[in-house]
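Each structure below appears as structure tokens.
There are two complexes below, and they share subunit A, which is joined by subunit B in the first and by subunit C in the second.
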Partner chain A sequence: MSDDQAPKDYKESFIHLEYQYTAGSATTTFLNQVKEGRLVGQSCPKCKAVYVPPRGSCPRCGIATSIEVPLTDKGCVESFTVVHIPIPGNPIVPPYVCAMIRLDEADISFLHLVQDIEIDQIRIGMRVQAVWKPKDEWTHSLENIKWFAPIDEPDVDVSTLRFKPS
Partner chain B sequence: MNDSKINLLEAPFELSYKYKRSSGPVMSKFFEGLSQKKIFGTKSKAQKVFAPAAEYDPDTREALTEIVEVGPGGTIESWSWVNSPRSHHLLKTPFAFALIKLDGADTAMLHMVSDCDESDLSIGKKVLPVWSENPTEAITDINYFILES
Partner chain C sequence: MKKVAVVGYAQHKILPNAGALNEVELIMPVVHKVFNDLGISQDDIGFTCSGSCDYLQGAAFAFVEGLSAIQTSPPIKESHVEMDAAWALYESMLKIKMGDADTALIYGFGKSSPGNLDSIISLQMDPYYISPLWPDRVSLAALQAQILLQQKIITHDEMMATVIEARNNAANNPNALLTDHVSEDLYQADSLISSPLRGFDCPPISDGASAMVIASEDKAFEFTDNPIWIEGIDHSIESSNLGSRDLATSPTIQNAITNLNLKNINFDVAELHTQFSHEVPFLRKLLNLTNVPTNLSGGPLVGNVMMCAGLDAIGKTFQSLVSDQSDHGIAHASSGPCLQHNMVVHLERHK
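Our next item is the complex of A and B:
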């Protein structure tokens, strides 16, 4: 609805919150590696599940995940959604694709963008690899990866990705 | 992992967004009233007066449509002193958040009491609104309440 069509009694309101975020040890370690262009997860000493980004503990076993596991920046699209509605303040112009990316050897996925492909060509199980920003722009952020782009490898059957406790 | 081994990352975050909302037919009357330096409540069939205006009686679920003017003065029912206002507070000097039962109302309204010391305040004290000279049909059309002299 454009402003001039809005009912007279519509009022502009706002929410504003300021806070200080402390990353904690697992996220700090992860982001320090991301700043150097590396993706390092953590694995559970009991069930061996690999978490990336790591949160410092295994929700399945309830114990700390102190084992560092270097990972590749390749993986597959576990699921995705096409975003058509612009979010105020978001510089990305719709339509674009948000996808859950499952890195090889990881047991959980994380949210990132998929680009360099027509939207209607994107599919679950598609192999992708991170497209990194230039090294001099790297910070403590997964935004060091611009997006994930398809690579020429056969699709993965995502049903095989289901976690199997060891 | 021992947190003391690494310098934990920290960053300030700011979450902010605007949205548009409709006050609805009943609350619109309340907000319009504020811009005319009037405080409106709603009256139930049982003659209970809700101020600020309520759309429904929470006890009987009766839809409330009868608008009545209350106040502008009221009585402090409860209060909490803010000695060091934070950046998001509207008043920059010490003030009280107070539940104010406006004259003629049976319920209390949350607002601020200022231009006084903490020791001046007590439950039952009479207060009067200080109106904004730039009304915007919002609760801030009342700058704050002051103690009745």
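Our next item is the complex of A and C:
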């Protein structure tokens, strides 16, 4: 009996669904700017908190954000983890570092990679700056930033990075 | 236990394709509207509960993103049902009855336009024997329609009359998606999608959101002069095995009639979560609503926001009782294939 004819005690049942994803108007604006190499957040008209990437609302106040705030591509590592387990389909070879990056003037952080530094040298509060892909590879994605790399500036005390008071 | 009343309800205009608007941008306006109507804010809400389906958005835990539409600071007590928001209402009502809260915000949202609804809905079926066959929602509904016609429980004419009436009623509903009139000739000329269902017998692909506020008897009159009391609410579900069900009747509806003691109540208005035309005469007969104005909003046949249309039936009944100053309303919400899971709500305006 060949392998093909051997009885199986399981059957794979694939699910494939296609969607036309809609980012929403705020995130669409953000992605259009990212394609041009700019990071633009939105601030809450009430509590002034700056969100990046913006989702179009301030969950603190429950109202729409509408004021656009240009941001630099510099910030600090608010928190990080070292990934040792390979993820299927992910081209990055472990170990590598995923970090929550808090851009200057932003009130929330987002997840990105930190490289160009030995893993055991990475620390919370470390100053970093975006390393961009070549301009001709830019798309509507935060992957236009390859990773964040350390810059020669003093560390930040992240406990001072509070949400702005309302 | 405390009595619970519906005090406010708001519905987004139902859209065929909300386009660039994401779920948060659909939810926020209706939550703001129901708060503004009542002159309250999230600070007045003791419990918040939403209803949605992550498969519609195609992302795990997508419902969490919906919370961005709500003021969540200071932290709120919050929950979610992966069901129609009618069941979010049920959970919220239990919270109030248990004394954990005095007020609740309920919202439901769904966009059917980004994906293939036929495929998505088939994933709610039994994952071993039925889902791998990818039965589409219209064919499943057609199974029940065929049985009801064969057993002469309903007629083709009743289905046609339901469609024509739904479109006529939609003229009074500013949020309806389909408002154009359908004539008998037009209906007869429509092609079959899955026998015996024609295109007109099926609901439109719809995007939208709705929000509702409920309150205990201690709080209701602080919010409105016209609270509508949830006099009774009951739900139960049949087997996920279609082959073991008798599709010519509904034990869950029968349960609700008994449990809520509905037999001797003269209802003034009814709103049924009937997505397909054959379900209207079927449920009207089961619930003894043949002479009761039913689906004056047009119902799901003129706008069917997934995970929201059941809450909308309750909301539209609430609005009818408030505006008509009538006494008894009955609302129905459903889930699963062929009316598998049914909720019946008896709403009452006390004199």
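We adopt the following convention: the second predicted complex is superposed on the first by the 147 of 166 C-alpha atoms of A that agree within 3 Å, B and C clash if a C-alpha of one lies under 4 Å from a C-alpha of the other, contacts with A are read in each partner's own complex, and residues count from 1 in each chain.
One rule holds for everything that comes next: contacts are C-beta pairs under 8 Å (C-beta built on N, C-alpha and C of every residue); 3 or more make two chains touch, one makes a residue touch a chain.
This structure is a prediction, so every number in the text was calculated from the model and none was measured.
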What is the contact status of A:Leu161 with respect to subunit B (first) and subunit C (second): first, second, both, or neither?
neither
Determine, under the contact definition given at the top, whether A:Ile124 touches first (subunit B), second (subunit C), both, or neither.
neither
Quick check for you: in the superposed arrangement, does A:Val69 touch first (subunit B), second (subunit C), both or neither?
neither
After lining up the shared chain so the two structures overlap, which partner does A:Pro88 touch, if you call subunit B first and subunit C second: first, second, both or neither?
first
Superposition-derived comparison: subunit B or subunit C, residues of subunit A touched
B
So, A:Ser25: does it touch subunit B (first), subunit C (second), both, or neither?
both
For A:Tyr10, select first, second, both or neither according to whether it touches subunit B, subunit C, the two together, or no partner.
first
Examine A:Arg55 and indicate which partner it touches, taking first as subunit B and second as subunit C; both and neither are also allowed.
second
Touching both subunit B and subunit C, residues of subunit A
13, 15, 17-25, 27-28, 56, 64
Residue ranges of subunit B touching subunit A (in the complex, touch as defined):
1-3, 5-24, 28, 31, 87-88, 137-138
Touching subunit A in the complex: which residues of subunit C?
18-25, 28, 31-32, 42, 55, 57-58, 65, 67-73, 111, 113-116, 119-120, 123, 127, 131-132
Subunit C partner contacts - residues on subunit A that touch it in the complex
13, 15, 17-25, 27-28, 55-57, 59-64
Touch list for subunit A against partner subunit B, complex
6-7, 9-29, 31-32, 56, 64, 66, 88-89, 140
